[in-house]
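Have a look at the structure below before the remarks.
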Amino acid sequence: MTPEITFWVLAFIAVCGALVAVVRRNLIHGVFALMIFFAALAGLFLLLLAEFIAAVQILVYIGAVGILLLFAIMLTERVTGDDGRSIAARGWFWGLAAAVAVFVFLLLPAIQEADLPESAQSIQPSVKELGLKLMAPYVVTLEVLALLLTAALIGAVAVAQGAEVNKKEDSDDA
Amino acid sequence: MSFLGGGIFSGMAVTLRNFVGSYFDPDRLTTNDYSWRPEGQLPQSAGEYPREEGEQLSDATTVTNYSRNFPMLLHDGGDNPMDAIRCVACQICERECPPQCIYIEKDYGEDGKFIKRPAVFDIDVSVCMSCQICVEVCPFDAIVMNSQFELSTPNRFDGLLLRREDLLKSNGYYHRIHPEEAAQRDQRMAEEKAAKEAKKKAAAEAAKKKAEEKARAEAEAKAQEETGDKEEEAQ
Amino acid sequence: MTLEHYLILGAVLFCVGLLGALTRRNAVVVLFSIEIMLNAANLNFIAFWRFGENPEALQGPLFTLFTIAVAAAEVAVGLALVIAVYRHFKTVDLEQLDTLKEE
Amino acid sequence: MSFELVVAILIATVPLLVIFPSLFALTTWLERKALARIQNRRGPNKVGIPCTRIGLFGLGQPAADGIKMLFKEDIVPNGADRLFHLLAPILALIPAMLVLCFLPLDFSFVAVWDESIAKDIKAVQGFALDGAVIFFFAITGINTLSVFMAGWASRNKYSLLGGMRAIAQMISYEIPLVLSAVVVVMMVGSLNAKEIADAQMGWNWYVFTPWGLAAFIIFFIAALAETNRSPFDLPEAESELIAGYFTEYSGFKFALFFLGEYISMFAISGLAAVLFLGGGEGPWVAVYPWLAVGWFLAKIFSLIFVMIWLRGTLPRLRVDQLMAFAWKFLLPISIINILISGIAWHLREQGAAVTAGVWGVSLGILYVTAVGLNKLNRANVKPREYKYAE
């Protein structure tokens, strides 16, 4: 009983958070709605007994990605965005139609047609097992991922700073 | 301490010494407990605290030598402090005071002649910002900073308006609260006085010399005139 | 709760993300939407791991872990690009970034 | 859900919600007293029993402050985001209270009357989670958001500046904080708070090893920054930003911020006690199990006293100094510390001579690294030049 209520509540929060994040004009409100969505998803992961993933979800998405988004918004937009400009793209109706169509004609039938296992497996969640797995069979993946993250760090700094350096050079020429 | 981060530890040692010391050495405490006073009575003016002889120590005199808050007027001692007041009511400090918290009235004798002292000298310490500009500009070293901070009063108008009598302190008191500064000031005053006297002397001598020279020159001129006359006569 | 519930929830969230990516004109919001889609996929990975066979292999959580790391890298680079674009064009409106279009 | 389980959950959670907020009141009093004594003042000593002149060393001061806070007018600035202005202090308190449950404060000794309830309590306590430490860090990270929310919702440039400073500072210092905890997690081989504390039984505290000491110092410095304590209290630097992100807060909302800040101080000190100071270990714990809670709180309080002491001693850093210290000093040294502890882990239990050698070499490397980093960072420091003064 209790897990079912928890599931429905978390699912409701997740869908609402995602919708608000997508349709809200005020971007800061959007980011916070997105974070509620991330938190609800972390709760769902906990419900599925993936506690380490839930912790990582909070740590990475709320602690890092969300704040990065906040910084990006503060650096780029007039935050409240109360100017009368439309927030939707020109072909927004076709976008909406495509999204609904993907759900109704593609994903839902696929899920309903598939032969899914009914009951959950009984598992003993263990962070230690996960760590050992990461160290033994997946160690190359982990290292590649570390390399990717380093490259992304350097790349992000270079891209974000490049414009400023160019501008400085331009102004020096002028 | 010369190892890395040692500065933090020596700083922490200082604060720890203060922390522990303040429990064992009541003289360290810079603030006072009012609980010994009768119910509802706070010091009405600066002169009222410390009330007892023994409490002198826990007040202004223990405050560090470098503490300054509000100005006071100096006198050079004697039975009647008003006779020895250094202030001549020149009103420079009144004009220089940025928040204009000083009010001075000149004193006139019965014959209407200006006596070199203030009849009224008020400082509103609720306005004063302790900038010490009055101290800087005073040509007579008459106004200096006090370290008396125990000025709490139930009345924010009259209680915080310090009169001439409240402000008047002896040079001895000044020496007690700011020994170094007072000694330097006295030395400077003595030097200035000496220099002034020397200058006066020199000026007097110069005047004398000038007068002599003038006399000599006149005499010479006279003599020349005389010789000129003679020459003229000779021609 | 059955696997179907989780999968449908994942599908709904994915479509919400798709909706945002297709209909909004602000580049930052498009990044939000991509994050929502990635998270919906993560939910599916975990659900399949929980209900599927052989959960001791921990493939679902491991894949999700890698997805999260890649998504973090993607957001960092994406936002750096958004900021660079903003510095250049003074806007992050995707409809106004049409210098490659033939007029 | 059975009745026994409800009782177990209540016993596992209610003491946390009672003990720490009451300790908060005591800590505000302690802080004011200690700061006053450091500055040769007496501190609050008047408010004691109401309607009498009994001062009780001013112990009534927190209650008086609380009553004052409750009755103050709640002001929301014109043009502020009302919803976020309300949510921010709540969001500041929730993660701070939430992380307390990851501290291994075992209250199962309360249930002496029923063995099965004691067992249930052990099962539902938050630190029984396998990844308690990583949960701790994850949830502490949410604090950053509340600070930003408060700063942004106030529609005040000082608040916003404070909020942005807070984000930059907290993100920067979270990295050395986590990396220094990694040392202990590596040595124990577990993320479970209880296992980490148990691994230090018999005075094998990690603070008594070179890598543990270095990690403890890094952790403590980063924890100061993470909880916005002096000398890293830039987000609320009153001489620059009025009160930083809570400039526009008054009344009970302000009290919530205050409470959240102190609770997160307790939480992070508690984590330091778990990771480096042996958790609830101390004399006579084996005889009286309930003493573990007492020792744990005593360790938290001694760390908090050091925080107060540092607040009374050190001046506030500049923003660039703060950032440079995190990225150019703490981060490299904590990475080197992880390397050292990894090597030490491989060389463990190989005889006293090897252990002594490892200790000496690692102490040397750590000290040389610290001095070298300090020299490198100081290379660019020049005497200040005044452009307009003079």
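In order of appearance the chains are A, B, C and D, and numbering begins at 1 in each one.
The rule is short, and it goes like this: contacts are C-beta pairs under 8 Å (C-beta built on N, C-alpha and C of every residue); 3 or more make two chains touch, one makes a residue touch a chain.
Computed from a prediction, not measured in an experiment: that's the story for all the values here.
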Point to revise | Whole-Å separation of chain centres (CA-atom averages), chain A against chain B | key: 71
Practice item. Between chain B and chain D, tell me the centre distance in angstrom, where each centre is the average of that chain's C-alpha atoms. Key: 51
**Study point:** Whole-Å gap between the CA centroids of chain C and chain D
**Key:** 34
Check your understanding: Counting in whole Å, what is the centre-to-centre distance of chain A and chain C, each centre being its mean C-alpha position?
Key -> 5
Review point. For chain A, which residues are shared contacts with two or more other chains?
Key: 52, 56, 64, 71
Point to revise | Interface hub residues of chain D, defined as touching at least two other chains | key: none
Exercise for review: Indicate which of the five shapes (line, ring, star, complete, other) describes how the chains touch one another.
Suggested key: line
Check your understanding: Where do chains touch, given as pairs?
Key -> A-C, A-D, B-D
Review point. Which of the residues in chain A come into contact with chain D in the complex?
Key: 2, 28-29, 32, 35, 51-52, 55-56, 58-59, 62-64, 66-67, 70-71, 74, 79, 125-128
Check your understanding: Given the complex with chain A, which residues does chain D contribute to the contact?
Key -> 1, 84, 129-131, 134-135, 137-139, 141-142, 144-145, 148-149, 152, 164, 167, 171, 174, 189-191
Check your understanding: In the complex formed with chain D, which residues of chain B make contact?
Key -> 4-5, 8, 11-12, 14-16, 18-19, 21-23, 28-31, 33, 35
Study note, to complete from the structure: As the complex stands, chain C meets chain A at residues 1-9, 11-26, 28-29, 31-33, 35-36, 39, 42-43, 46-47, 49-53, 55-58, 60-62, 64-66, 68-77, 79-84, 86-88, 92-95
Check your understanding: Considering the complex alone, what residue numbers of chain D touch chain B?
Key -> 34, 37-42, 45, 53, 309-310, 312-314, 367, 370-371, 374
